[in-house]
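Here's the structure we're looking at; comments come further down.
Letters are used for the chains, namely A, B, C and D, taken in the order the chains are written, and counting of residues starts over at 1 for each.
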Amino acid sequence: MHAIGVDIGGTKIAVGVVDEAGRILAKVRRDTAADDVASIDRAIADACTELAREHEVGAIGLAAAGFVSPDRSSVLFAPNIAWREYPLAQRVGDLLDVDVPVVVENDANAAGWAEFRFGAAHDATDMIMLTVGTGLGGAVVVDRELVRGKWGVAAEVGHMRVVPGGHYCGCGHEGCWEQYASGSALVRDARQAAVANPDAARRLVELAGGDREDIQGPHVTQAAQEGDPLAIELLATLGRWIGEGAASVAALLDPELFVIGGGVGAAGDLLLLPVRKAYEAQLSALGHRPVAQIELAKHGNEAGIVGAADLARR
Amino acid sequence: MHAIGVDIGGTKIAVGVVDEAGRILAKVRRDTAADDVASIDRAIADACTELAREHEVGAIGLAAAGFVSPDRSSVLFAPNIAWREYPLAQRVGDLLDVDVPVVVENDANAAGWAEFRFGAAHDATDMIMLTVGTGLGGAVVVDRELVRGKWGVAAEVGHMRVVPGGHYCGCGHEGCWEQYASGSALVRDARQAAVANPDAARRLVELAGGDREDIQGPHVTQAAQEGDPLAIELLATLGRWIGEGAASVAALLDPELFVIGGGVGAAGDLLLLPVRKAYEAQLSALGHRPVAQIELAKHGNEAGIVGAADLARR
Amino acid sequence: MHAIGVDIGGTKIAVGVVDEAGRILAKVRRDTAADDVASIDRAIADACTELAREHEVGAIGLAAAGFVSPDRSSVLFAPNIAWREYPLAQRVGDLLDVDVPVVVENDANAAGWAEFRFGAAHDATDMIMLTVGTGLGGAVVVDRELVRGKWGVAAEVGHMRVVPGGHYCGCGHEGCWEQYASGSALVRDARQAAVANPDAARRLVELAGGDREDIQGPHVTQAAQEGDPLAIELLATLGRWIGEGAASVAALLDPELFVIGGGVGAAGDLLLLPVRKAYEAQLSALGHRPVAQIELAKHGNEAGIVGAADLARR
Amino acid sequence: MHAIGVDIGGTKIAVGVVDEAGRILAKVRRDTAADDVASIDRAIADACTELAREHEVGAIGLAAAGFVSPDRSSVLFAPNIAWREYPLAQRVGDLLDVDVPVVVENDANAAGWAEFRFGAAHDATDMIMLTVGTGLGGAVVVDRELVRGKWGVAAEVGHMRVVPGGHYCGCGHEGCWEQYASGSALVRDARQAAVANPDAARRLVELAGGDREDIQGPHVTQAAQEGDPLAIELLATLGRWIGEGAASVAALLDPELFVIGGGVGAAGDLLLLPVRKAYEAQLSALGHRPVAQIELAKHGNEAGIVGAADLARR
């Protein structure tokens, strides 16, 4: 059965028809306004209706950045869109021509599910996805099932505390993992390094156009690929935090595979080798247990569409 | 169906017949030698045979402190008994008169399962058990299923890292949660407090018979119940570490209930209130999500027997 | 001998004639522009000349926020004024009518010296001043002498690291003491608490006029004085960090007295009692050594003038 | 003037005549019993009398491991010898034939003073000595004067806290610097590494004779010199903690030189280079201030004798 997946961003939506092998057969985009939730409903319904004219679809999955109710019908809270206990599935369903089930999924869960079904984890039964972007998102698959939690808010891995008294997080707490293992952390660390040691940061500042406050993640990746020692160290530090945190997750869930997604994947082995090294160094009972694989995600930005569509038809 | 549960300790085994309501109908004990694994097999088989003469049983579950293979047949590694990739289920089965399935379970998982089925979590679908004893053990139930992990070693919550550069753990790493949230941590902290501030520790040392190195957990509990400020603070510190770590677990798994087991439960609210306070204070997205319950375990030492028996008949 | 002390701020200077008992006999102010260093020189010289007409003075001391050369002649670097290896003493001296020695002192050192000579530490021989303001400044007096360090930059207590991997500091490093023990830390913590637990922060947000981002230090102090539990806890946390860090300083320098200056002193015992408690709890070898006093500063904003004047005549 | 220096250990004393250039002209040893303080007095007096027969000496300095009163007459408390407020200078003086002043000094201060006057710091005015042995001792010289503190217990650098919630220390507190920057920490870390990763520790365990609990500091040094990656990393970790802590000390005291003493110095650049790298990486205001030198001590075991003698004649 084909299904439609919708990736709902703050200012635009991406909608695709996904086949049973996880391929996107057709795709459309719409711009939206984050503070006008009714217009988002309409944009989703329009796009789905358009695609459903050309393709027979059996289900629609909506990937939303926010807390999703465990029955997959509502968004309880979203940081960037004005949804509060919002019955998104029904609102969209009411606007559709076609009569197919509509479900809502957390976007990180959808992306993780795409990797589990059709990507880096397609051979696995127990997987943790870590999406290292602006923040640190995640998805948990246990025994082939997505773990949503009692109230739908599982897999918020970025808010596990890794440093008591550590960096403040937007959530109001100190030391959240995403303050150490995210693209934002990488950028923050790079800018701070340029304060603490301007000489070492010369290449990074140059790539940023001369102002250390303009350093971005890709500058670090580029400099590291050129062999810049500070940039290599910054990626290694990021990798170390990812790997050490992953070892804590493994203590709890014993997965066979971690999948690392997000833009930092562009750094390739400059990131991945430090992740693996730190994971192994920090894993309890090394030698008495197998060591989980750690791989980069196969899907890029379209993982949300693919995962939402596939979850909808289950 | 009745089943037999076996709790295998380092120097003795406890064996019971458990009915479908989780009640123990009969129980026997045997002494064993930790370094003679064949004698342990025989003791288990003897006790099971004895009980099976009087009770019709359909399955036998063995609760072992160690890593158990995901097919529930073998102990991969045990810290206190000389099992290394040991096919315990078959060895015991070969010695039995009766022909019933024999399975092995990790002891903390068995105890957690007893609470889930017949104890503090019997109404729950998603539960985390934290057994605060010499170490910190755990069990994870997601959507009514016990999470064993890919290789059977999930729920080793005590080895999640909570303090980088923190106290060393027997596992070789620093900052493991069980170094902060266990009876051993409580005792260690109490003894250290008696070094750092002998005046404040006077009552604790007195209860210990005069030597601070003899302070034990029950002394702390008793002193706290008498109103001793240091003892109350020590329990509050223990509770804070339990609650803060639980908030990290909740970020990952979103359970509806934490069950706190182990001897420290004797402290009651002196422990439980600080746990709850710290959990709530550290929980991300408070106000946008329900707050999990945190309760003391209902079963005591017999949880391993009950849980192993019940898991064996599934 | 009377001396003139000059407190050089970013946008204004305050100049006073100070007698041998530390009293300010006369005082004038001038506005200045931080990026026009020559105008600052002239403003200082004008004000000093004016006061010297009415009062016989034997020396002039300039208190500057920045690194001061050990010979007290130059500002090596200042964060807020465009001084870089700037011969401030000579530049001001060249513009003066009167022929008196001019020396430069770090402003925190000057303020600490005022407390040592005429304030809370006037009976002491070994003192640490901790100025808890926007940042955390300090002054060290050992055996009645101000410790300037080999290159004039001693007593930068705020940049001792207290939390590895902790909050970032403007200096480019993580975990600096001033990120935990300063007015800025208090305000940051209060605003974060309002994110993490809006209910508990209701009174603080109300005092701030409804927006948590407008919470300031005096709101915390006021709420605490009203009995607000969160505000009391925030001050206690600030006090704990001050006291615990002071215990590390005491391990190194064994002073008889800590003097706490800065605006947070307005909180009185709500701050001071937690400082003392944490200091004592964290002090090594308690019971085998005397415990240093911890007191609030006696001088307010005029400490820089008084201390600079007094240091100039030595 | 020649002077006698006495280094008082737990089970023996070493006594030497020291000339004004810091050379030891003659030396004797005596065995002692730690619990018989009168016999220690006699052993010291005997040895001094013997040496004074052959050499004209003007003063005697006693280096003691413990808290020494600021007037240099008494030992207030010693961890390894049964001194409690013990008037050591007078007791020894009463037993002497010769009439020369006798003073007591803390042994780490004495060793630091030897380096300051005749060793690695002989050109310096402001120095910090860090003695990295079983624990972490220190000595502070500010403007050519030894800093003893108000009550004689300054320079206990090992008890500055560097990790909140970190390793417990014999002093009763957590996270003391000496738990990270000492020979004991090196050995503990090596043994733990052998638990966490037995493969990597194969060479270390081999050098220790097969039992990881027998690993000692020299095994780590030897393995590192052979190129063993784990041993090199262990020394680098030790060096990092030394260097990062030194940066905190520099924030407070701005010395021109750190001198690293103790047995770990045998590792040479394998230790020293990581110390310097971490120091520079962690130093606040790098680029706006000179960077202190970090050098190995020149004196070995005899530093206590030399320093105590030289301090006695001042």
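Note that in this section contacts are C-beta pairs under 8 Å (C-beta built on N, C-alpha and C of every residue); 3 or more make two chains touch, one makes a residue touch a chain.
None of these values were measured; they are calculated from a predicted model.
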Quiz item: Chains shared as neighbours by chain C and chain D?
Solution: A, B
Quiz item: From the centre of chain A, which chain's CA centre is farthest?
Solution: D
Quiz item: Any idea if chain A and chain D meet via the same residues, over half in common, or different ones?
Solution: same
Quiz item: Which of the two pairs, A-B or B-C, is linked by more C-beta contacts?
Solution: A-B
Practice problem: Go ahead and note the Å separation of the Cα centroids belonging to chain B and chain D. | Solution: 45
Quiz item: Could you state the distance in Å from the CA-based centre of chain B to that of chain C?
Solution: 52
Quiz prompt | Centre-to-centre distance between chain B and chain A (centres being mean Cα positions), rounded to whole Å | solution = 34
Practice problem: Could you tell me which residues belong to chain B and also touch two or more other chains? | Solution: 163-165, 171-173, 196-197
Quiz item: Which positions of chain C touch chain A when the two form their complex?
Solution: 163, 165-168, 170-175, 180, 188, 192-197
Self-check item: Parts of chain A lying in touch with chain B, wherever the complex brings them together
Solution: 67, 76-77, 125-126, 138, 140, 142-143, 145, 147-164, 169, 171-173, 176, 244, 247-249, 251-256, 282, 284-285, 288-290, 292
Self-check item: Parts of chain D lying in touch with chain A, wherever the complex brings them together
Solution: 164-165, 196-199, 280-281, 286-287
